[in-house]
Amino acid sequence: MAGLQSIMALTKEQIAKRISRELKEGYYVNLGIGIPTLVANYIPEDMNVVLQSENGLLGMGPFPLEGDEDPDLINAGKQTITTVPGSVFFDSAMSFGMIRAGKVDLTVLGAMEVSDKGDIANWKIPGKMVKGMGGAMDLVASAKNIIVAMMHTNPKGESKLLPACTLPLTGAGCVKKIVSDLAVLDVTPDGFKLLERAPGVSVEEIKAKTAGRLIVEGDIPEIEVKKEVGSRR
Amino acid sequence: MAGLQSIMALTKEQIAKRISRELKEGYYVNLGIGIPTLVANYIPEDMNVVLQSENGLLGMGPFPLEGDEDPDLINAGKQTITTVPGSVFFDSAMSFGMIRAGKVDLTVLGAMEVSDKGDIANWKIPGKMVKGMGGAMDLVASAKNIIVAMMHTNPKGESKLLPACTLPLTGAGCVKKIVSDLAVLDVTPDGFKLLERAPGVSVEEIKAKTAGRLIVEGDIPEIEVKKEVGSRR
Amino acid sequence: MNKVVAGADEAIKDITDGVTIMLGGFGLCGIPENCIAALVKKGVGNLTCISNNAGVDDFGIGLMLKQKQVKKMISSYVGENAEFERQLLSGELQVELIPQGTLATRCLATGYGMPAIFTPAGVGTEVAEGKEVRQFNGKDYLLELAFEADFALVKAWKGDTQGNLIYKETARNFNPLMAMAGKVTIAEVEILVPEGELDPDAVHTPGIYVHRIFQGTDYEKRIEQRTVRKRN
Amino acid sequence: MNKVVAGADEAIKDITDGVTIMLGGFGLCGIPENCIAALVKKGVGNLTCISNNAGVDDFGIGLMLKQKQVKKMISSYVGENAEFERQLLSGELQVELIPQGTLATRCLATGYGMPAIFTPAGVGTEVAEGKEVRQFNGKDYLLELAFEADFALVKAWKGDTQGNLIYKETARNFNPLMAMAGKVTIAEVEILVPEGELDPDAVHTPGIYVHRIFQGTDYEKRIEQRTVRKRN
């Protein structure tokens, strides 16, 4: 497998930047912890996107300036944050209410494993201390549009895109798209459909590192990474 | 029946006054339209009682002074009202939420018929234009303690306290107590239990005008009507 | 995120014959006066209206009834309105009466993505006919389904350009619930402010639920039952 | 209607061994610091705690865990806390993990008198084991029951003597939901005002849900993840 190891895989920032191209004007978006959080850095300046934090906030702003931290104002990752004009607070029942009702247009979250049927596992590793699912199960069960941001393989080089998840599920049949360090893939009824590949990463490498069913049709373009997308954060 | 017609029956105001003696310090109370509304006039001045209006208000005050009417401030009877210190507004889902959750200590409402099993009918007369149940079905299905304020008989002299309601029910097995123009009665598993009678009204008259099962045990005291209860309205 | 439209006519432009509309308000309190006027002007018909009440003869939904724009009313209390009664008795108008708390909670269910709720209201009555009854802790409850509504028309006191809404006093009533329950939610407000001017802790309806907002005009805010105390 | 008690010790005086307590807050944000301190001081044990998180080693519910006062935690996310992990692995502590939205909505159900709710969260996962699955409009939902809790301990920003509460920013989180769900609800506030001083349109929790209220003292309001941008 080492011979296929790409040195051109996307960085976490580049994954986030690629995901930011899925945003549309007027979207309400929930970003999970980790790479998904970085997506906020790549929202085009002229695009109106409102970030939801499931502990009870619409309109999440950037981290506060040093000394401006407010202990009453945190995000779902328990980080100190700020508001933006038009922000609004609500309780956690309404927060998950709007999630369940499909009012959040896009949810981006990380995963340990995704199956080619769109199942996702990202909360529990048997034998390890289990911290809990937090809001992940609610989000994956309810979101209209879920994009997973993840590494294509685990540190041992094993594929995380599987025919079936080996870990306990967070949700079944819910993932719509994956942006990994190697590729962009849609989850279709017939399996993972390869849409784009990281610059310099071959289709063969992606095939080798995708254990689930993979559909490759026609030429697979490279992910555009060079263009600097305007950041407002 | 005419020979038994009492001239000493309670007035509507006296019924309301008698019901006010069921209030306790700290009660949250929902008063229906008609005689129940009058109960507000007899809340003892030194007693803290909060009135709920199911359209979305806790802390209903008296009618406004002429010229102070506020179209945004009405009660469940659509009458202009005022607030009191500590009043709070909420939406109708929370309003019926607190009703269903048993947070309202006492509900007083009118009735066309009550059965000796505690069934109540007060929303629909077949053949007549039906206006709807409004919040009555929610209230009777949820309240811990329901007192019905009503005339003992209809204009034709027929009993409204029946073995079984003839009209479509508003709720089944929910009425706890009745204060009529003739008597105060508890609804028990064995039927209506006579507790008090209007001054000058005989037990025989009450028996004659109660079609449902009636329990009369020992001496039945007269309802105290002379004492003026302090009013804060 | 600017959801502001010019006025009621533009806000309702895609409301067509035969759709289901929720209308906020309790009695004449907190009703979307401007939207109703625009619907009357547009003359759209065959509507199913979900609203706690049906207005009076010459105001509120009564104006739409007068023009025979309403096929069916889903309400908890109606008939403060002679034309309503006439149409009902003549069979021109269908009416479905449901308990007020059930009406409110079915809106909440929609807005909170809950397909159904359990309520004790109506158990043992004709409201329970054909409905599933289920016992929890020895008490019976009816299973009631969340609403589906193509449009929700609500009236708020203040709103901002993002659609965040604040209601005043008992004019809140069904408005925040229906605001959450419309596939498309249209809000009319007495005072429209730029984003950032509302207290984020005091907003009742987050803008995520609202698709269009406009500043209403000429509010009549009619009083249905004027009850007063005499001044000394 | 005066629900004011002198302080945390008096407010929790009838909390005894073995009861079920809800505690508001998300992480360390909006937690009832004074009530927790009083429970630690009182040493009451064998508690079942319903709270989204379980504090950190030296703050929040972590202080109660350190004293082994907690028999069982019902939470959505735990283990930011070494002592928690130790007790869990040793079998001293039971943990029931439930999705965050389910936790919130089960509180709402209690406060709104709904015996159960339907949610899609957890369908097809181990959370669904032993639970009723029901399909509405082609989508599967789990039936989840309302909570029962002997006491709810919540923290608000402002409150009045009648128990009306207003929360600040994201410190709202689970507090208004648990305030509605306790058989006895105890509220601690940063600022206690006489009745009539809160804006009736801005109150989040009506006092009808609150049994005792007191002005808290010495709020630490610890920050769990201090994240900042550098000043230029």
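Just a few scattered comments:
The first chain written gets the first letter, and so on, giving A, B, C and D; residue counts start at 1 in each chain.
In this text, a residue touches a chain if its C-beta (ideal position, glycine included) is under 8 Å from a C-beta of that chain, and two chains touch if they have at least 3 such contacts.
Note that the structure is a prediction, hence the values are computed from the model and not measured.
Counting C-beta pairs in contact across B-D and across A-D gives the higher total for A-D.
For subunit C, the chain with the farthest CA centroid is A. Rounded to whole angstrom units, the spacing between the C-alpha centres of subunit A and subunit C is 37.
Taking the mean of the C-alpha atoms as each chain's centre, subunit B and subunit C sit 29 Å apart. With touch defined as above, residues shared between interfaces to two or more other chains in subunit D number as follows: 105, 112-114, 119-120, 167-169, 172, 200-201.
Multi-chain contact residues of subunit B (touching two or more other chains): 83, 89-90, 93, 96-97, 99-100, 142.
An unclassified topology is adopted by the chain contact network, corresponding to no line, ring, star or complete arrangement. The list of touching chain pairs reads A-C, A-D, B-C, B-D, C-D.
Of all the residues in subunit C, the ones that touch subunit B in their complex are 26-30, 52, 75-80, 85, 88-89, 97, 99-105, 107-108, 119-127, 157, 167-177, 204, 221-231.
Only residues 53-57, 62-75, 77-81, 83, 89-93, 95-97, 99-100, 119, 129-138, 141-142, 168-173 of subunit A touch subunit D when the two sit together in their complex.
Interface residues of subunit D, counted against subunit C in their complex, comprise 105, 112-120, 136-137, 139, 141, 145, 166-169, 172, 199-202. Looking at the complex, you find that subunit A touches subunit C at residues 26, 28, 48, 50, 52, 58-59, 83-90, 93-94, 96-104, 142. Interface residues of subunit D facing subunit B in the complex, by the touch rule stated above, are 1-2, 110-114, 160-162, 164, 180, 194-196, 198, 200-201, 203, 206-209.
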